[in-house]
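After this come two complexes, each holding chain A, first together with chain B and then together with chain C.
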Partner chain A sequence: MSRELESINICSFIIHGMISIRLLSIPRAIVEYAENDSWISVLIMGGYALLIGYLFYWLGLRYKSLTFSQICEKVYGKFFGKIIILGIAIYTIISFSLGIRLFTDGIRIFLLDTTPIIFIITIMILACLYCLLKGVRTISIILDMLLPLILAFILLLVFLSLKNVKFIHLRPFFYGGVKPILQGAREMADPFLTVGIIGYVLPYFKNFKKMKKWIAISVSISVAVYTIILLLCIMAFGSTEIKYLIFPTITLSKSIMLESNILERAESLYMAAWIPITFSTLLLFYLASTLNLKAFFNTKKDRVIIFSQVPLFLVLALYPDNISEVFYLIGWNEDLGQLLIFLIVPLTAMIEFFKERRKNLK
Partner chain B sequence: MILDKLKNIFGIKNKEQKIDDIVSAKVIAISKSLHKNKNSLEKIFSKSDDLIYRKIYLENSNTSLLLVCIDGMVERDLIADHILTPLQLEDNKGDITINLEKIKEKLITTLEVEISKGFQQLTRSLLSGNTLLFIEGYKQALMIGTTGWEARSIESPASEETIGGSREGFIESIKTNISLIRKRIKTPKLAVELLEVGRKTRTNIALVYLKGVINHELVGEVRNRIEEIDTDGIVGSSQIEQLIENHKWSIFPQIMSTERVDKTVGSILEGRITIIVDGTPFVLIAPVTFATFLNSPDDYYERSITSSAMRVVRYISYVLTTTLPALYLALTAYHPGMIPTPLVLTITESRMGLPFPTIVEVLIMEFTLEILTEASIRLPRPIGQAVSIVGGLVIGQAAVQAGIVSPLIIIVVSLTALTSFVIPVYSFTLSNRLIRFPLIIMGGLAGLYGIFMGWIFILIHLASIESFGVRYLGDFSPYKLEHLKDTIIKVPQGWMTQRPEILNVEDTKKQDIEKARMIVDE
Partner chain C sequence: MKFLLSRYSKLFLSLLFIIIMIGCWDYKEIENRGYVLGIAIDKPKPLPKGYENDQSYQEEKKLERMELQQGEPRYAYTIQIPILPKAQVKPIGGGGGGGGAESSRSWDLTLLGNSFFEANREFSTRLNYAPFYEHLKVIIINEKVAREGIIPPLDMILRDPEMRRRTKVFVTSEEAHKILDVTPRIDDYAAMYLADLPRNATKTSRMPHITDLGEVAESLHGQVDFGLPIVISTSDEIKIIGAAAFKGDKMVGRLSGIQTIYAKWIRDAIKGGVIVIKARHNPNILLTLELKKVKTKLRPIVDGDNVKILIKSKAVINLAEESETRYKDALKQDFIKNIEQGAKDEIESNIKETIKYVQQELGADIFHFKVILQKFAPKTWEQVEDDWYEVFRNLDIVVDVDVELEYIGTVK
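Let's look at the complex of A and B:
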């Protein structure tokens, strides 16, 4: 592993990880529970994501040349370590496959209604494969190049949507108490778990100066994006209508009517803007999955691991029959993600903390 | 004779036959006899009728000399005034002795005189335009600097015109080119390392850089790569470029080639290395990044706000020249809903009755454009211009009237051509012209998705390549404010206090910010 990255590079890794294709559908998932208080759920989970981010960083600092999966093996021992790594492998591979499938369904709805799914999926997998083969420094440059464009697109969406919002849709606050808000927050665990990319890329960093600051800034930007998009969706449609929308965020852009008549249908353009967003998130899942599998098989053969995952991704992405099935499987995978974010990561940090304390006492 | 025939049958060559190369000249030693020396040279330079042998006999000192030079490569007046005349005048003084040391130290009045003991060195010297002087009875010879051949005068660089910049461009002579740089950078820290490449051509190459500023590892790397070149000959600097660059199969240039002296001087001052190749006016600059190819020397002669605006125009033009035809294709074929209704109606109306699908139309017109561009370059300037006009206006108009393509395609292709000329570096323009075609195909296959994915593939490639250890997209990652000062925009001169960090220079400070501020305050 060559240490080529500077601490500021962590920003694009985190933001690209956290702002994913799920941003298109997540408003519906949270609103199911938290209704018009969903934005509070995002803020709560955002705070927790920051904590998790710091835990990954803290663990990474203790084992500077190891990825989170390798750290798990050190902390839990070989047997339990491998079980956790297997869990991470299932989570990352399924997340990649279902992420690409969800995106493909979106593309077919808004951009290419007759193009075969396999064609769309294969091109995306090939792009991720090509980028991964070029190494982490290349990935970092790509993420840095795409980030300003992506944020600019999101900002444009926000500004154009402002005309359609009605503050009345946000009321009443805390209508159902704390429980629905916390249930909604749980839905955010899956997209925010990608903050865990910190645990996989830290070994590639040559300096850690101001790293904490960059982690805080990146998590805050991502949380702000989710919160604002959710607020806009709720204010534009009201919580009841959102429940019936497959991709509320895209529908939000659909509601934008440009008076100047420059663009007839903005939603197609926004769907196109999600292409780089999806690519970057999938790329990070692929990277984490590769590094995780390398730890599982205890091998240094990058290429074998990278290529061997391709058929798996393809089969799993083509497995669901329709978009409802995709959401069902995503829900199942989310449970695994929640197990990782709420149990495994804090537990690993706690064990390591007590191990360290015991060593200091001795 | 019989022995020679036998040797030929078994592939054994005579010793004389082996002397066909400078390296082989090493085996011959200088003789005390002028006749033998002449014979040796005649063998080395067999069938070289442009060699001049001038035998001189100095009567009073009873000394025989042999002067050898190559016609056209020497300055004849220099030989007459500084070699022949002083020798004759000295001889006319009466009964004196003339020896090798005396000729070298006192009689010959040119700047460069050296003693050589071997024919290898003599041959190289002669081929470089020097004159050889053999003296009867000496196993040594003199190599006298008399180089002087016809050279083009310094002119304005034809391929890189600017409005505000210097009018001096490099020429084919390495010495003149070095002097053009020295004239502008008057410091002993300006290093000029001379190398020789090509077994047959023995082309002189100069590495020019600023000591104490440049990353010395970069100098070592460039020197090593040039020294490793093992080829018969070098005709132009682009050959050196291709032999030493990192990614041979990439369509993007990784070394900048320029005719401009100001651009080269600016690059040296930034901490880059320049490679000057004898016989070509194109000087190589390394390392370079993507952003450097979109910078024009004019940016530094104009005010920062206007320069920045022009740079933004260049970046937008870059996107348009590579993507516009693909975008037109994607929008009309896959996403007509994104285009305003009146425009869709106009496009549909213009396409009525056309025989080909949009992708074929786009490819036909793009291909025609490439033919026109290529033809106008090859033809003499006045005819070239005529061909462009004929091609652009007449063929375009005729194609529309004949019902082969729609008028909108002509607009799209013309705009693509126009924006391609905004890119300041020709080799970079070529790569952009090439990536237009895969993007058209991607746009034709999968609309906007195809274009976006095509660009992602191009970006990955750009992000992965490097020029002498510097990443091609290194200006944009990691995020640093300092990087932005001279990339997409150009900040005022006083703000550019540091040399580009990505070059890993030894001396990062370009100018004193405090002093710059004081000047502003005053």
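Let's look at the complex of A and C:
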């Protein structure tokens, strides 16, 4: 692994990882539980994501040349380490496959209704594969280039949607109590788990100067984007209506209509953002999955691992028969993700912490 | 070998990209789309008396029938497609007249069916341009359809990704397709003309302007009653004459233009408009007041089991017209206070009357008092939820309007 990235480059990895295709459907998932208080769920999970981000960073500092999967093997031993790596492999591969399928279903509904999904899926996989073959430096450059574009389009969507908001939709505050808010927060665990990309790219960084600051800034930006989009969806539609919308964020963009006859199809602006959003998140899942599988098979053959995942991605992405099955499988995969974010990562950090303390005592 | 593999893999990838990226399955020439500007939904009608022997009419009616896979036709769906070569930007006929005799600038197609999606596909048996709804401007629903319920005819429109939530919805007591038949004097298409009318909400509050499909969807899904504008037409004009009140998805009654002003006042939806009052010092003098800014807040007042709704409003008005001019005291504070008090009394009284009418005659909570309880007194809402319509009919309302006169114009 060549160390070629500057600490500021971590920002685009984290933001692209956290702002994922789930931005399109997550408002519905959270509102199902937390109703109009859903934005609090995002903030709570955002705080936890920051903590998890720091844990990945802290572990990375202890094993500067190892990825999180390799660290797991060191911390838990070979057998349990491999089991955890296998869990991560299942999670990342399914996340990539279902992410690409969700994107394809979304694009089929709103843009390319007669294009066969296999071609949309194949093109996305090939685009990711090409970037991956070029290496982490190339990925970082692409992510840096896409970041301002994506944030600018999201900002534009926010600005144009402000006309449709009604503050009354946010009331009553905290009426359902803490439990639904926490249940809603759990729904955010999956998109925010991607903060774990830190654990896979740290070995590529030249220095770690101000890294903590950049992690905090990038997590905050991602959390702010989710919170604002969720607030806008709630204020524009009300929590009841969101439950009826399959992709509330796209519907939000389709609801924009200016008084003057310009930007009649303002959602095209947002479409221009969510295609690169999906691409970048998928790319990071592919990267994490490749590095994780390298640790699992204990190999240095990048290309074999990269190419061998392609048929798996294709089969898994094509497996669900309909969007209902996609969401069902995403739910199942989210459970696995929650196991990783709520148990494995903190546990790994705790074991490492106690190991180090014991070492120091000796 | 490695070099060769790399070259072959590049060649393979290039060929693959050439094959899969040369075009788009969804590519469609812009001039080959049938842009649907308006949809009208009526009840299917038998041949009217006197037309039984009219062959061209009979032939047209034959085209409107389709073989249904299930049941009998419940609706007559009409779509309006612009005939672009006939479009014109200048007023026709010169001097602003004579538009009605022009040949139609749009093609209105009707089909009888019970599923809009099925009918929509059936249009393709008559239309060589695929109907395209992304630029749909208006949906007009016949009153009889509206009274039976609008969920069945609107479901596909709410569900289909091609539709837009900002499409405006109207109700008419006439046959809805006749509204689309109007040949406007300035605009090219009735749908565009009608879609623009609610934009005049800054000029008058006699028409509901928040009337789009998204609002309808939110009301239907949230089980909140609502209002939609009612339109009537002549051969070259369309007029919004008030509001249709919906309870659930069924129309239950109407509000006149003046009642619509006060219904909008309660809903904090006034963007402008006019009210006319009698001068307090002389009832023979009429004062026309322009509404510049109106802000209304609704809050529940809960006292034990007793629930009231407080309507607190602040209005900024201008004196626009007075039937007796040259009033020498026009710049004195008493004169101003008098107008403010007169306006306050008139507005409060009209608000109360409108509420009473809606409570007693319509029984539909178009003012969203239910939402106010849900948002500001959720515990009370839970207590009254099951008997809400009974509670609504007897709900006490406290109205407090504060009026501020800003300008009196350029003469005393």
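One rule holds in what follows: the second predicted complex is superposed on the first by the 358 of 362 C-alpha atoms of A that agree within 3 Å, B and C clash if a C-alpha of one lies under 4 Å from a C-alpha of the other, contacts with A are read in each partner's own complex, and residues count from 1 in each chain.
Just so it is clear, a contact is a pair of C-beta atoms (placed from the backbone, for glycine too) under 8 Å apart; a residue touches a chain by one contact, two chains touch by 3 or more.
What you are looking at is a predicted structure, and each value in this text was computed from that prediction instead of being measured.
Of the two partner chains, both chain B and chain C are touched by A:112. Of the two partner chains, chain C is the only one touched by A:175; chain B is not. In the superposition on chain A, A:124 makes contact with chain B only, while chain C stays out of contact range.
Of the two partner chains placed by the overlay, only chain C lies in contact with A:238; chain B stays clear of it.
Once the two complexes are overlaid on the shared chain, A:142 sits against chain B while remaining clear of chain C.
In the superposition on chain A, A:84 makes contact with neither chain B nor chain C. Judged by the touch definition given at the top, the superposed model places A:50 against neither chain B nor chain C.
Touched by chain B in one complex and by chain C in the other are residues 111-112, 115, 119, 123, 130, 264-265 of chain A. For chain A in complex with chain C, the residues that touch the partner chain are 109-116, 119, 122-123, 126, 130, 168, 171-172, 175, 237-238, 240-241, 243-244, 251, 254-257, 259, 264-265. Residues of chain C that touch chain A in their complex: 13, 16-17, 20-21, 24-26, 134-135, 161, 164-166, 199, 214, 217-218, 221-222, 371, 374-376, 378. Of all residues in chain A, only 5-6, 8-9, 11, 107, 111-112, 115, 119-120, 123-124, 127, 130-131, 134-135, 137-138, 140-142, 144-146, 261-265, 268-269, 272, 275-276, 279 touch chain B in the complex they form.
Those residues of chain B lying in contact with chain A across their complex are 334-335, 337-341, 344, 446-450, 452-453, 456-457, 459-460, 463-464, 471, 473-474, 476-480.
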